[in-house]
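Before I ask anything, here is the structure I am working with.
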Amino acid sequence: MKLGELAAQLSCTVEGNPNVEIRGLAAIQQAGPGELSFIESEKYARFLKSTRAEALILDWRTHRPDIPCIRSDQPRLAFARALALYYQPRLPVPGVHPSAVIGTEVRLGADVHIGAHVVIADDVTIGDGAILFPNSTIYSGVRIGARTVIHANCAIHERTEIGDDCILQSGTVVGTEGFGFVPTLEGTWHKMPQSGYVRIEDNVEIGSNTAIDRPAVGYTRIGRGSKLDNLVMIGHGSQIDDNCLLIAQVGLAGGVQVGRNVVLAGQVGVAGHASIGDRAMVSAKGGVPSDVEPGTVVSGSPAMPHALWLRTSALIRRLPELFQNVRELQHKLALLQRRLQIGDE
Amino acid sequence: MKLGELAAQLSCTVEGNPNVEIRGLAAIQQAGPGELSFIESEKYARFLKSTRAEALILDWRTHRPDIPCIRSDQPRLAFARALALYYQPRLPVPGVHPSAVIGTEVRLGADVHIGAHVVIADDVTIGDGAILFPNSTIYSGVRIGARTVIHANCAIHERTEIGDDCILQSGTVVGTEGFGFVPTLEGTWHKMPQSGYVRIEDNVEIGSNTAIDRPAVGYTRIGRGSKLDNLVMIGHGSQIDDNCLLIAQVGLAGGVQVGRNVVLAGQVGVAGHASIGDRAMVSAKGGVPSDVEPGTVVSGSPAMPHALWLRTSALIRRLPELFQNVRELQHKLALLQRRLQIGDE
Amino acid sequence: MKLGELAAQLSCTVEGNPNVEIRGLAAIQQAGPGELSFIESEKYARFLKSTRAEALILDWRTHRPDIPCIRSDQPRLAFARALALYYQPRLPVPGVHPSAVIGTEVRLGADVHIGAHVVIADDVTIGDGAILFPNSTIYSGVRIGARTVIHANCAIHERTEIGDDCILQSGTVVGTEGFGFVPTLEGTWHKMPQSGYVRIEDNVEIGSNTAIDRPAVGYTRIGRGSKLDNLVMIGHGSQIDDNCLLIAQVGLAGGVQVGRNVVLAGQVGVAGHASIGDRAMVSAKGGVPSDVEPGTVVSGSPAMPHALWLRTSALIRRLPELFQNVRELQHKLALLQRRLQIGDE
């Protein structure tokens, strides 16, 4: 595709030669002849000089006159849209593979694809255009929305409802029994039945080998447009509102409330029943013992305001020096007192 | 079911109208007409006033005279028992699905259910009433006890023995080769054969996408009545005694010894060959580098006594102030010395 | 096997009776009659006196004259080699199970084993002697090398290439779409297409339920001879060089660069685009926010040089005492000033 054509498809303008041929896209450091790249953050500005890209997507302030460019207010978003013109994941054609095992009262929408060795229990509803990759297991009573893609080897348990346009990566498990056990006087654990539900709303993406539990009563909920990465744990009854980002290996205990547009970075843990306000962020490895205010950024374990964490993290490295300084102060003061023949009193 | 009937089944007494109809159970904040709830800890006492529950399970000290209640010494346990009267997970009927692939010398007990596309290798024993959900894989030589339930897409490897009345949630892997590699002089890693065994005793529950390894020699063991949550990692040769609780994303390195009734909270990590005494607890995200005394609670990474951790965590937040105070002390003392014309000596 | 025979196979010499019969191998604490064990590190030297092993593998400095021993410069390596003479995991014989579903243009090498209910999409290449255990799913276009073993219930996605002599434990997912989302002005997340590749080189081992993502552009790479444990997360575009060890539950964000012979201990997290130099080590639970120098050992979160971390970890426990000391200094100094009628000025 020529650069000008590509820009037109993105509704963007070109500076420089619109006739260069774009064969593919690449990161700024790797891009070479025939490849389009982009620069967004300051972090990558240093690559602007050295890049061998054929063309660039740039914001309005960035300049490299000898390389033709597409101008965009959001270069990364434009890059994502351009990339979609060159690559779409291979999706299978509609149809039910003969090796799939499908129970009674299963309602399959139009144009669904049910892959080889998929097992669907009784009383399941699958929306139009949904795709189930091989070896997944759908328990009885599950509802899956239209155009939702479930990759290989997933297990979707009873009492789960998944909305439209969702993507579940491989190996993910949704709707399993929450981890509820009541201590007995004999020192054993009595299993709390897990009679609740899981609701995954529209346009949610869930990574690989993630686990989402259903609660004893009530709902576990993943709000519309939220994205969960790989190996994430969502405890029973946790509620995640719309457009959140939960990065890999995050763990929510039971009954956590997460507001809208919250970002939980990798390996964050949130204690049971904590509430995280809208647009809050927790930095990687943060441990959240209790509520987080909307719009704040917290870090560390136990989590504290990010700016405070930056300072205390730097100061912890200086603890040896601090202890030394205090020892010296003690020594000097004692000496002074002795010289002056004045005691502590 | 009427409240009186329900109480009778729990062997509990009713205060107030025993004829109210209980249609279901709910958490105290969500419970409405027709629903039974419970209050246990102080934490929920604030909801006692506002709840719209039809009836409550209460201990003997808690009062809300206008709502009929069931009295119990252990309200949460009574709630769990009541919930079991209203909900039981759907379990499939006995039988072997024709799509299951079953090897030679496989001994299936009475009334087992082998789901669609389950694969059982040779020389496997499965006890009476066991249930294997679809798409699970059982390697050769495995023994699975009576009434044990293995959910979908699990893999149980050779040299594994699972007791009676266990539950394995979906996607869990048991008995894989431990992570044993010996460094060579060439800088490569030589694989240590993993010839040991995994023994999961009776009444163990294991969450989704958890991984339990077998060791080079000897056993990995999960003791009777212990419960493991989702995404837990049990390294080769670790031994967990009875009635432990390992919450989500806990990781045990190799050769860890865990006593009875130990609780490891979410995302805890335990270093190789550490020993954790009976009834000890490690708080969420704790990092345990070495042995933990029985009955103690430790927190933080590296873990320390919980009370000390609470204090140090609070003091870390005050480090900026402490550094400032020490600088001021240095300044004042220097000034004083100058005024007095007395040096450090 | 007799000890002398065993030593000969390891090209080692025997001290003591070469005719004792070795029935099996065991750890030094558990070894009994008929069993061979080894002692390597100082840590186990205390067991040398009490062991009941029939024979031992020892280095040249360690002595226990009444037990016959095999001498080796690397006792652990010799033990691994000896163990391999007694145990090899059961591998299935070549052949394609009739229940496997195999697409078009699939090239199977000589002597491959394709297990029951394996699903292989179109245009897949599988090398000579490769073994795919049951219920695994191979997406279209994947290439798997010779003698590579893929255990049960794995999913290998499009755009993935796996080298020769690799082992993937059960439940592992390779090549899924990276977690790439671009924020929009409306507060939603726009999916970045993930058109890149995953390359797993020869002789790599990957644990159970691990997840390795493919990137938007470019490659995710696991270098020759590297070993990944269970529940590890490799973000899109991360590059791991040869002979690294990534222990359980490690998480790499996107675009991380890991040098050769790096060891990342359990539950370590590495931030996006950080670079870890050759032979560096990160201790368990370490959080790596930025680059790590080659050959260094770092610990803690945020990570610092290991020696500093040891000191600061010890000093953190003494913070209550330090705060108390500073308060006392303030008090004493104020008193002194008052006595001397000298102010701060």
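Residue numbering begins at 1 within each chain, and the chains themselves are lettered A, B and C in the order written.
The rule we apply is simple: a residue touches a chain if its C-beta (ideal position, glycine included) is under 8 Å from a C-beta of that chain, and two chains touch if they have at least 3 such contacts.
Just so we're on the same page, UniProt names per chain: A, B, C = UDP-3-O-acylglucosamine N-acyltransferase.
What you see is a predicted model, and the numbers here were worked out from it, not measured in a lab.
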Copy-to-copy rotation for chain B and chain C - C-alpha atoms, rounded to a multiple of 5°: 120
Interface numbering overlap (same over half, different under half) for chain A and chain B: different
For chain A paired with chain B, centre-to-centre distance based on mean C-alpha positions, whole Å: 24
Contacts with 2+ other chains: residues of chain B: 99, 117, 135, 153, 171, 209, 231, 249, 267, 301, 316, 322, 326, 329, 333, 336, 340
Partner chain A, residues of chain C touching it in the complex: 99, 101, 117, 119, 135-137, 139-141, 153-155, 157-158, 171-173, 176-177, 179-182, 184-185, 187-195, 209-211, 213, 216-218, 231, 233, 235, 237, 249, 251, 253, 267, 269, 271, 287, 289, 301-302, 304, 308, 311-312, 315-316, 318, 322, 325-326, 329, 332-333, 335-336, 339-340
Footprint of chain C on chain A - complex, ascending: 24-27, 30, 74, 76-77, 79-81, 83-84, 86-90, 97, 99, 115-117, 133-135, 151-153, 167, 169-171, 205, 207-209, 225, 227, 229-231, 243, 245, 247-249, 260-261, 266-267, 284-285, 301, 313, 316-317, 319-320, 322-323, 326, 329-330, 333, 336-337, 340, 342, 344-345
